[in-house]
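Each structure below appears as structure tokens.
One chain, chain A, links the two complexes that follow: it is found with chain B in the first and with chain C in the second.
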Partner chain A sequence: MKDIKRYSPVEFKVTPLKIETRDHWDVVMEYHNEGDGPWLVDLSHRTRLDLQTGNLDAKKPFGITIPATPGQSVLENGLLINRMNGIQSSIYHLAGDAIEMPGETEYTEITEASVFLAIMGESVFAICEKLSALDFMDKNRETPFLYQGPFSHVPCQIVTLSREAEKSGVVLTCSRGYAKVMVDAILHAGEEFGLKPAGEKRVTDWISSL
Partner chain B sequence: MALTITCPICGKRNGYEFRYGGEEKGPRPDEKDLTPESWCDYVHMNKCVAGVQQEWWFHRDGCGSWFTIFRDTTTNLEKETPEAKE
Partner chain C sequence: MMNRFNHLPTLKIDTSEKIPFTFKGKQYYGTKGDTVATALYANGVRIYARSLKYHRPRGFYSMDGECSNTMMEINGVPNVRTETTWLKPGMVIKEQNVKGSAENDLMGFIDKMDWAMPAGFYYDTMHKPAKIWPVAMKQIRKAAGIGKLSPDHHMPGKYDEIFPTCDVCVIGGGPAGMTAALAAAQKGLRVILMEARPWLGGQFDYRTAEYANRQTCHERAVQLAKEVEKTDNIRVFTHTANIGAYNNNLITGFQIGTEKDSFTERYIELRAKSVVVATGCIERPLLFENNERPGVMQAGCALRLANTYGLLPGKTGVFSIGHDLGLEAAVALHDLGMTIPMIADIREDGQDPVLLKAVMDRKIILLKGWVATEAHGRKQVKKVTLKSLDGTAEKTFDCDVLVASAGFTPLTGPLVVNQAKLKYDAHTNFFLPTDLPKKMHAAGRLLGYENGLSIEASGHLAGLKAAYDCENCSIADLGEAKKAMESKPGPARGTKLVMAPVKGRKTFICFDEDTSIKNVKQSIDKGFDVPELIKRFSGAGLGPGQAGIPGHNLPLFTAKYQALPDIKIRPTTVRPPLVPTLIATYAGTNHTMLKRTPIDDLQRKDGGIFRNIGVWQRARYFSKDFTSRKEIENVRNNVGMLDGSTLGKFRIHGPDALNALQRVYVSDLSKIKEGRVKYTAMCNDDGCVIDDGVVIKLGENDYYFSTSTGRAGQTVEWIRYHTRYENWDFSLVNLTDAMGVINLSGPNARKVLEKVVDIDVSNDAFGFSEYKEFKVADTIPVKAMRLGFVGELSYELHVPSSYMKALWLILKEAGKEFKIKNFGVEAQNVLRMEKCHVILGQESEQRTNLLDIGLGFLWSRKKTGYKTVGVAALTQAEKDNSRLKLVGFKMENNGRAPRDGALIVDDRVRGHVCTARDSFSLNEAVGMALVEGDMSKVGTRLAFYEDECNGELIYGTVVETPFYDPAGQRMKM
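Coming up: the complex of A and B.
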């Protein structure tokens, strides 16, 4: 029997240096000439779940307490959990070993339905400012925090993970069909800041430093 | 004047993120004794208030919530209450 293959909707026009095959995805760990940052990383192979239930406060996905207020997020053990509204949370698996899909029907895996990107580096907010009117540096909010709004005119979920100098960075998801134009728009906006595609290793290192 | 709308989930945002959902017309009429004329009135007829009215909005580019706000149609400014004055 032929093995299945999972494809990321994102394709960077740069040469990969190291590729790892994981759960039927070809994951680029490092690209040629990544530079010194900022970086754009494709994380579309990383598992994403949607949790929807009328009893959200009683749920503890993977043993993590869901934030009480919509717009708040929590990052624990490589898992990012974002409170979207009274009944919904999104869960992003950012780092660490593969997670097991919970058995309850409230969980829906949405990995293949969306594109997942990370933008990291000191000038990340200058790049984001060119693409969205949302304030990703809002000092009144504690990181990590979630925005549900337009980024490059596309409805997205955007999470500011850190705004500490070189650790600054956001992750964002939107519908899979926008992948190519979203990547083109971000790379174009980041050109003047030296934004370059990078492999997953940059994100793994970044997440462990937070 | 640019319209801003306060979403109950996301807070104050640019009006372009939202889709207008029409005037708030109260609960759907009881189907008992409902005539085609009264149903047509409920669905299609609007008050078109020149002043503060309660209306539905959908956060299309954001959280996807439906909610009502009060807006002064003469100034295009959101109001906290229906009686709010400049």
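Coming up: the complex of A and C.
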């Protein structure tokens, strides 16, 4: 059968410089003229899981302890685990080799359910401020932390990974159907700060620097 | 052009840089830092506009846009407040509300007709007879009004928005505001400081009077501003007017962009844990005859013209003031070259001795207990009459400027819109804020403080109170700040005078609406005796200046005129926006956030015409024939593909998953077999159907179910809500966007599908209401269901969204030989209507339950013990024949279909049409309607009443349903 492609809901109007094919996805590693930041990266091909059970505290997905408090996140070995509420966590595979889907029925793969974006760079929170009233600079929250709230009026999960100068950045997911308008809104908000699309490599480098 | 000062430390202009602009078709030049109003003033313009009603000449009066006097049309946009608008190169400025020019307005004669237009004259005169009003209204609107805007005007510029968060928000960047911000910031808090003017400093900024220890107010403002700007945790928004304050300290404002900014105006909506309001005061206008004649201006305005913009307001200025700022302005302007023949001070005593000495040193005559009673001059002030307060003595002076001010009015807007109360204070003659909202504090001049040290101490205390709200300040620190505050001079005594001893025919309490004191008296005499009523009867305070001019004068005068022993009346209510701004600013960037399906672009390429349906954009048609005839016929006779990705899709799993489903669905889902599809419905507590869809059992305690597009967003909450008292262990995952859906429908659907799958999809192997999982091209995982919503052989293929494009193209390729075509939502709507399959919300409404719309067969009466939502109500309603019923109808004499929503009537309304179309499959018009129970019998004649039918009804008859393929063979073939 001819080559079957999987398509991300995000399409940047810039020319890719380097592409890798993974599990039927064409993953752009780098674009032409990515600039010096800030950057917007499409991570929609990266695996996301939902873990839901009444006994969440007993679970250790991929050997990682789930944070005890809703809103807290943990980043280990390229996996970001976000405690959403008493019974539910989201798991984002941010970097590293593909993960095996755990066998337990409590896990649901939700990679396809959302668009997955990273916004990185020093001015990331100035960009976020144009799209959301959520307080990313709240001193009472320690990175990484999760917000579940509106971003450009759309319900999102937004995880602040770092607030440290040029390492600053967030990853966000929202319903896949909003991908185009969400990307347009972010790029528009970031225009004045020089926000440009970038390939996955930027995220990989960023995650390894955290 | 006037000479400009360029040596003053307070100046904000750069006279070396000229800015060209066009006014009334001629080119003029302003200087960098000018507002439009100051640039015009520098070019000799004194009359900026004509007033709303009487077309009286109007000029520079205040400086912060408190009235409409200086509103003009700029670059085609009317009502621009030129006092607060930066001059930009190339601006085209026009006068507005004039016939001719502001200088020579042909409508100026109306000023003499004031006797014919008493307060409330619209109400009194123009409704007898009523037919006069439409004619009169047109003429009045021609004569009055403040500018015109084309309905298709496109607002130029970039409009932005931000939603910052902080610990403490300080509104007002004067000395109190800056001190408050510094106090809170020193406690480690994140502070936002909003200042309406383009720079910090407030009333200190333009004053050269001594602050303390030989430091001028201006120097102190610069010192504080530098401290603020170097404090990292204070974020300063200048040129940012506060426009609203709401519960939980939601503060709104708008910022005017500079050349360096990426926006023209930016809407700001911020959340703060605590708020300090340090908005200061404006001047309270002095009421006398012709008190708004060009050349009459407030003390602060005259002083700022000179000190900030380098313009001497005039050659000869008479002062009629009631506060020390007036004396200070007189001294300063005298020193800059203005001849000042006389200062009339309302106060008999209480003046600052230093200022008194300065006045005497300059040999300026000061009359205590005197006031201006009339400004003379047809278009501009030429002389002024002054009188002693008792009216016994009188003097007249020639002048070209009359500086007039009765006192001060605190700017309490942010507090009042957030529900603080105002109470009259006899010492300051202010209406002071009381009952402040939680975590909101007032500071500075608005509390009556005049002494610079007191103002700052007040700001410092408010800043610490805000820090205390954020749990970052100790009681001891607060105590110290309070002590420091108490050691400083208290609030200054305010002047009580409301109006000079005049009759008030041409004494204007509100400039925007041309409301005179005489009008206010007329209102009171007619029984409208409180400011809120006077405002509505006379118009005082209804103009674009947001009551900046009538403000506190209105309640003070109202109390005085009625000789009220105690001033319990209040100023009129102020509402957001406290400062008017553009609707474009409120609109902001305005991204339309609608969802697109995974094959949105493919359908657009195929000519799809999209419509917004709920949160989605969906292809409704695939041609400009909005009957969708070809799409419909292709599905009936051949094969079509529909993008059904918007359906809600969910996984529910866990030990109590079945319990949860049984709670919300009316059918008995314990009987679902693996490999089968169960169509069912959810009701609310009233038994009204809220959703329908299918449920599939994936495995033990593991189900996949679909919902209608409209309910997808609420399904998880709905199920959680209705199981909230159970300790059930189940998990719900919303997969709506994770799975795309392709509906492959039509008699040739199987032929297309079997070309792309390796499994047997014959009717025997994959029958109606069955479910299968398979892969297409060994790669694309598909959940497939045999359903029949459109009444034909159909496969509903659920596919991971990233594979949707691939599968869609594969099916399209496979279907080429069968001439497969897209069909849109409208075609689907007609196809399913012909089969009498309901769409909830279209064939149902709030009153209709499961039984009414013919879905009673879904209700399992044998299912007990699950407390299924809506079942109690359904049981009660089961024998009620009076309820609305869903019926099918055909039109008489092969007539056309009535419009959706048409009423069904006899001598009253008996129902309505849900969906009706001219059916190409049936060659006749058919439809479904909800009618009262007694009209639901087959054979009943229905009369349809449509919008604008002029009483001409069309008729149809209730018939058996479904219309198409009643035996249901086609979808089971």
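One rule holds in what follows: the second predicted complex is superposed on the first by the 207 of 210 C-alpha atoms of A that agree within 3 Å, B and C clash if a C-alpha of one lies under 4 Å from a C-alpha of the other, contacts with A are read in each partner's own complex, and residues count from 1 in each chain.
Note that in this section contacts are C-beta pairs under 8 Å (C-beta built on N, C-alpha and C of every residue); 3 or more make two chains touch, one makes a residue touch a chain.
Owing to the predicted nature of the structure, the values given are computational and were not obtained by experimental measurement.
J.: Could you look at A:Gly35 and tell me whether it touches chain B, chain C, both or neither (first, second, both, neither)?
T.: Neither: A:Gly35 stays clear of chain B and chain C.
J.: Kindly classify A:Gln148 by the partners it touches after superposition: chain B alone (first), chain C alone (second), both, or neither?
T.: In the superposed model, A:Gln148 contacts chain B only, not chain C.
J.: Quick one: classify A:Gly96 as touching chain B (first), chain C (second), both or neither.
T.: Touch partners of A:Gly96: none, neither chain B nor chain C.
J.: For chain A, which side has the bigger count of touched residues, chain B or chain C?
T.: Result: the larger residue contact count on chain A belongs to C.
J.: First (chain B), second (chain C), both or neither: which does A:Ala113 touch?
T.: A:Ala113 contacts chain C only, not chain B.
J.: Answer with first, second, both or neither: which of chain B and chain C does A:Met84 touch in the superposed model?
T.: first
J.: Who does A:Gly194 touch here: chain B (first), chain C (second), both, or neither?
T.: In the superposition, A:Gly194 touches no partner, neither chain B nor chain C.
J.: Is A:Ala133 in contact with chain B, with chain C, with both, or with neither (first, second, both, neither)?
T.: A:Ala133 contacts both chain B and chain C.
J.: Which chain A residues lie in the overlap of the chain B contact set and the chain C contact set?
T.: 133
J.: List the residues on chain B that touch chain A in their complex, please.
T.: 9-11, 13-14, 17, 59-65
J.: Applying the document's contact rule, which stretches of chain C touch chain A when the two form their complex?
T.: Listed in rising order, the residues of chain C that touch chain A are 160-165, 190, 262, 269, 271, 589, 591-598, 600, 615-616, 651, 653-654, 699, 701-702, 729, 731-739, 777-780, 800-806.
J.: Where on chain A is chain B touching in the complex?
T.: Those in contact with chain B are residues 70-71, 84-85, 133, 147-150, 155.
J.: In their complex, what parts of chain A are in touch with chain C?
T.: Checking each residue of chain A against chain C gives 1-2, 4-9, 24-25, 44-45, 50, 52-54, 87-88, 105-106, 108, 110-114, 129-135, 137-139, 152-154, 175-182, 184-185, 188-189, 191-192.
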